[in-house]
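Next come two complexes built around chain A: one with chain B, the other with chain C.
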Partner chain A sequence: MIDSILDQPLSQWQTEGTLDKEHIVLSSRIRLARNFKGIAFTNRDKEDALEKVDTMMRRVPSLLTKVDGKSYSDISLDKLSGIEREVLVEKHLVSPNLVEKVNHRSVIISDDGAVAIMVNEEDHIRIQSMAAGLNLTKAYERAVQIDDAIESTYDYAFSEKFGYLTACPTNVGTGMRASVMLHLPALAITGKLNRVVRSIIQLGYSVRGLYGEGSEGLGNIYQVSNQVTMGISEEDTIAQLNKIIEGLIKEEEKARQSIAREHSDAFEDRVWRAYGVLAHARKLSGAEALSLLSDVQLGIDMGILHMKSNAFFDKLVVITRPNFLSKYAGQDSMTADERDAYRAKVVRDALNIEQ
Partner chain B sequence: MLCDDCKKNEATIHVTNIVNGKKTESHLCQDCANKKEHADMFKQLHQSFGQFPKFSNSGSFGQLGSSIFDNDFFNNDFFTNAVYPDGLLQDSHSQRCDQCGMTFDEFNRTGKFGCDHCYEVFDQEITPLVKRLQGSLAYEGRVPSRGTGVFKTRHQIKRLRQELNKAIKGEDYEKAITLRDQIKQLEDSLHKDAGAKTDESSAS
Partner chain C sequence: MIDSILDQPLSQWQTEGTLDKEHIVLSSRIRLARNFKGIAFTNRDKEDALEKVDTMMRRVPSLLTKVDGKSYSDISLDKLSGIEREVLVEKHLVSPNLVEKVNHRSVIISDDGAVAIMVNEEDHIRIQSMAAGLNLTKAYERAVQIDDAIESTYDYAFSEKFGYLTACPTNVGTGMRASVMLHLPALAITGKLNRVVRSIIQLGYSVRGLYGEGSEGLGNIYQVSNQVTMGISEEDTIAQLNKIIEGLIKEEEKARQSIAREHSDAFEDRVWRAYGVLAHARKLSGAEALSLLSDVQLGIDMGILHMKSNAFFDKLVVITRPNFLSKYAGQDSMTADERDAYRAKVVRDALNIEQ
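On to the complex of A and B.
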């Protein structure tokens, strides 16, 4: 199964799920940070503690299968190549933080790819559950099912006062981070994004780029997530975030309508130019590809362009990432130049199939 | 006047900055001003939120403005030794967690606790910190099903009471009656538990 995870740009949950027609919300994600009672946290870097957690988690795949009938595989990071580890990061299955070290680090992934449990990251385990479109509740319910299954076998570090105890005090309490990934091209084009982002931040939620801090604006993809984990229950956090996202979707829709109303000629030109470059360029950098793909996807959403598959954008966002691309090409080492040429070819081929 | 940045469009936005008595002027077009604002905003955002959990970069809780953790007075060895010649400071700052060996100074440097027991050992320091970071100290949320039976029941009662208030406000009296009965049942079970424990202790 690990091969299909590393070779396929999208997991089953992404292709099966109900993507919204306008394609504004790409995915929803829940992350629960958990530690075990009486064992030093990962940052203490104690061999016996790391090993203990590693060994405990080896039992978990079969435990989870008993609960939900799905199969889970256990992937030790030290068995993967450097590129393979980076592909897991590019697919958002593990954090960049997890792959910094490999000893006793692993990830347990469900066969549909919707669940990925990181072992020995900043906390002993981080349960991640994903769902297509805006569906935090679905993701949360699956995360809870897994949380319960693990808790039925092992004792968590929990205090009545602080809730779930985590390595970093910014996660203590529920240990939950709920986040939604959105494509917001029209807000970016109309220059309204700054104002909208600022108001979300004022509400105590964070806004980051596709790959976290420092990747803002890349492909006009943004992640909105909660900051606070204390004093508010998981359900209430999700309900609040849902409201914020619904507001954000309305703003993006309004921006799209205003583009269609006031700048339709200029916008149509922009979409076809982006399409022209993607369809004919012989070299594409990763950032350029994402920016043009974003224009093309907005063109599709607004009825200017037509593609066969619904997940065209999501798929190419992953395929055009440097490490996935190298893996796709079957080459361990590619120069940046070779990669740009190969990226242009892959995008051209994908567009040919779609038309 | 043309825009300072792109040198193509007419500058429509004029900004005068005075930093340390030095005056700088910039003239930008709407596009470049938007770009700049966007970049500045994310820079600020990272300063206030993004960098926030990564204490390792800042070395201490400096930006969080804590007088307990970030005090030059304590970081200066000369003064430390002069004022606390007998290593009295160790009591408050160098106490070790007996489970993982972490000291609070170490936490201050890395921003990460060493194990679950640290939360008990450094409770005094952690409590105000969590309050400041999270804005609250009243835990709400899931409770593990094992080992904390009484706590879980108390928690459930709290949640049901909130629902009861909502039901009454919404004039949904049927639901309110069901909730009231549920709460009563849970409270009875708590009392029974407490009673059983008292019986045990008085018997022994």
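On to the complex of A and C.
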């Protein structure tokens, strides 16, 4: 199963889900940070604590299967190549943080790829649950099911006063981070994105790029998530974030309408040029590919271009990432030039299939 | 016939000629400046002189037909619309200078488009003769044939000491300007063009862009012509210019080889991107179209792209000019936006046919 996770650009949950027609929200995600009672936090780097957590988690896959009937793989990071670990990061199954060290670090992944539990990241475990489109509740329900199953076997570090205890104080309380990944090209094109992002940040939410901080703007993909984990329930956090996201969708829709109304000729040209370059270029950097793919996806969403599948963009966003690309090419070491040439080829082939 | 001249991008002589395989030299041209004895120069702007020359030239078409069996059209500029006059300029059949005034101005054009005699431009007449590829001798021989035919009927202003007398002293002597139009993209890409152009200018030749001074760089097309018209025979002028051009061809060939040797990946990418944009853009400015067409033509020349006809570039260079384009669209007044959209459409259609 690990092979299919590493080789397929999209997990099952991403192609099954009903995407909204406008394709603004790509995915929803819940992450629960949990630590076990009586074991030193991971960041104290105690070998026996790391090992203990690692051993405890070996039992979890079969435990979860009993609960939901799905199969789970237990993947030790030290059994993966460097490139395979980076592919997990590129697919958002693990954090960049987790793969920095490999001893006793692992990830438990469900066969549909919708659940990934990181072991010995910043906290003992981080339960991640994903859903296609805007569906935080669905993701949350599955996370809770898994959380309950683990808690039925092991004791979490929990304080009546503070809630779940975590390695970093910013997660104490619910230990929950709810986040939504959005494609906001029209807000970017019309220059309204900065204002919108600022107002969301002022409300106490964080807005980051496709790969966290520093990747802002890449493919016009943004992650919006809650910051507060104390003094608010999980349900209220999700309800509030849903409201924020619905507002953001409306802003993006308005921006799309304004493009269609006021700049339709220039925009049509932009979309077709992006398509022309993607369909013909012999070299593409990762950032350029994402930027052009974003234009093409917006062109599809706005009825200018027509593609067979609605997962075109989501798929290529993953495929064009450097490590996934190397894995895809079956080559462990590619120069940047080779990668740019291979990326261009993969994109050309994909466009030919989608036509 | 005037309609076919205005509507067809290429004249017969341009598609008949054997183009060199590398497509570096687009065309050769001879221009003879002549004035009639006893009539005030055109620039003195005397109505009776202008009218006299105009009337004399009415007889010339039938005179020339007797000599070479071809038919000639006599086109009075005041019978053409502004846009039609500009199309003649864009097709290099007349100079921008000629169309500034229309009274008694005309052009006599042979049915194959290879000969165009401007009447009442700077001089009383300017005999222009064109040939495809590098073939100054062929163009010169036809110019002489026409020159002799006219001289057999009318007396030219000629001085034993100075040669042919012309309105501007820089043309006195042979009155001949021999010029060659070249496509030099590889010299431009490799940054060697400026040095090469400087050395040609130092030898006393002029190097200008596709539409004379100020159009340098447009589509990487350059015209090289002699400056000196006194103290040298026509044959020697042509022989010297031929040498210059042969040297220039060698430099361009070397630059193409260096691109193929050292930058083939980057170049292949550049060519395909240019093709991708030309084949898909919905708006193209004239300058961008020429620049991309230049890349595509070099890609064809270097075996990266394959097109059916070898006149692809020459044809589109004319079609994409603003006035030709308006004429082509059958619309006398187009906004710049409409023209850019129509230009993109015409280029897309042409690429589809040529594929």
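We adopt the following convention: the second predicted complex is superposed on the first by the 355 of 355 C-alpha atoms of A that agree within 3 Å, B and C clash if a C-alpha of one lies under 4 Å from a C-alpha of the other, contacts with A are read in each partner's own complex, and residues count from 1 in each chain.
Following the convention adopted for this analysis, a residue touches a chain if its C-beta (ideal position, glycine included) is under 8 Å from a C-beta of that chain, and two chains touch if they have at least 3 such contacts.
The structure displayed is predicted, hence computed values, not measured ones.
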item	value
First (chain B), second (chain C), both or neither touched by A:229	first
Which superposed partner A:268 touches (first chain B, second chain C, both, neither)	second
Which of chain B and chain C A:349 touches, first, second, both or neither	neither
Which of chain B and chain C A:169 touches, first, second, both or neither	first
Chain B versus chain C as contact partner of A:198, first or second or both or neither	first
Chain A residues touched by each partner, larger count belonging to chain B or chain C	B
Which of chain B and chain C A:208 touches, first, second, both or neither	first
Which superposed partner A:155 touches (first chain B, second chain C, both, neither)	first
Intersection of the chain A residues that touch chain B with those that touch chain C	none
Residues on chain B engaged by chain A in the complex (per definition of touch)	34, 37-38, 41-42, 45-46, 49-50, 52-53, 99-102, 110-117, 119-120, 126, 129-130, 133-148, 151, 159
Interface residues, chain C side, partner chain A - complex	265-266, 268-269, 272-273, 275-283, 337, 341, 344
Chain A to chain B touching residues, read off their complex	35, 37-41, 43-44, 46, 122, 144, 147-148, 151-152, 155-170, 172-174, 176, 191, 193-194, 197-198, 201, 204, 206-208, 213, 216-217, 227-234, 236
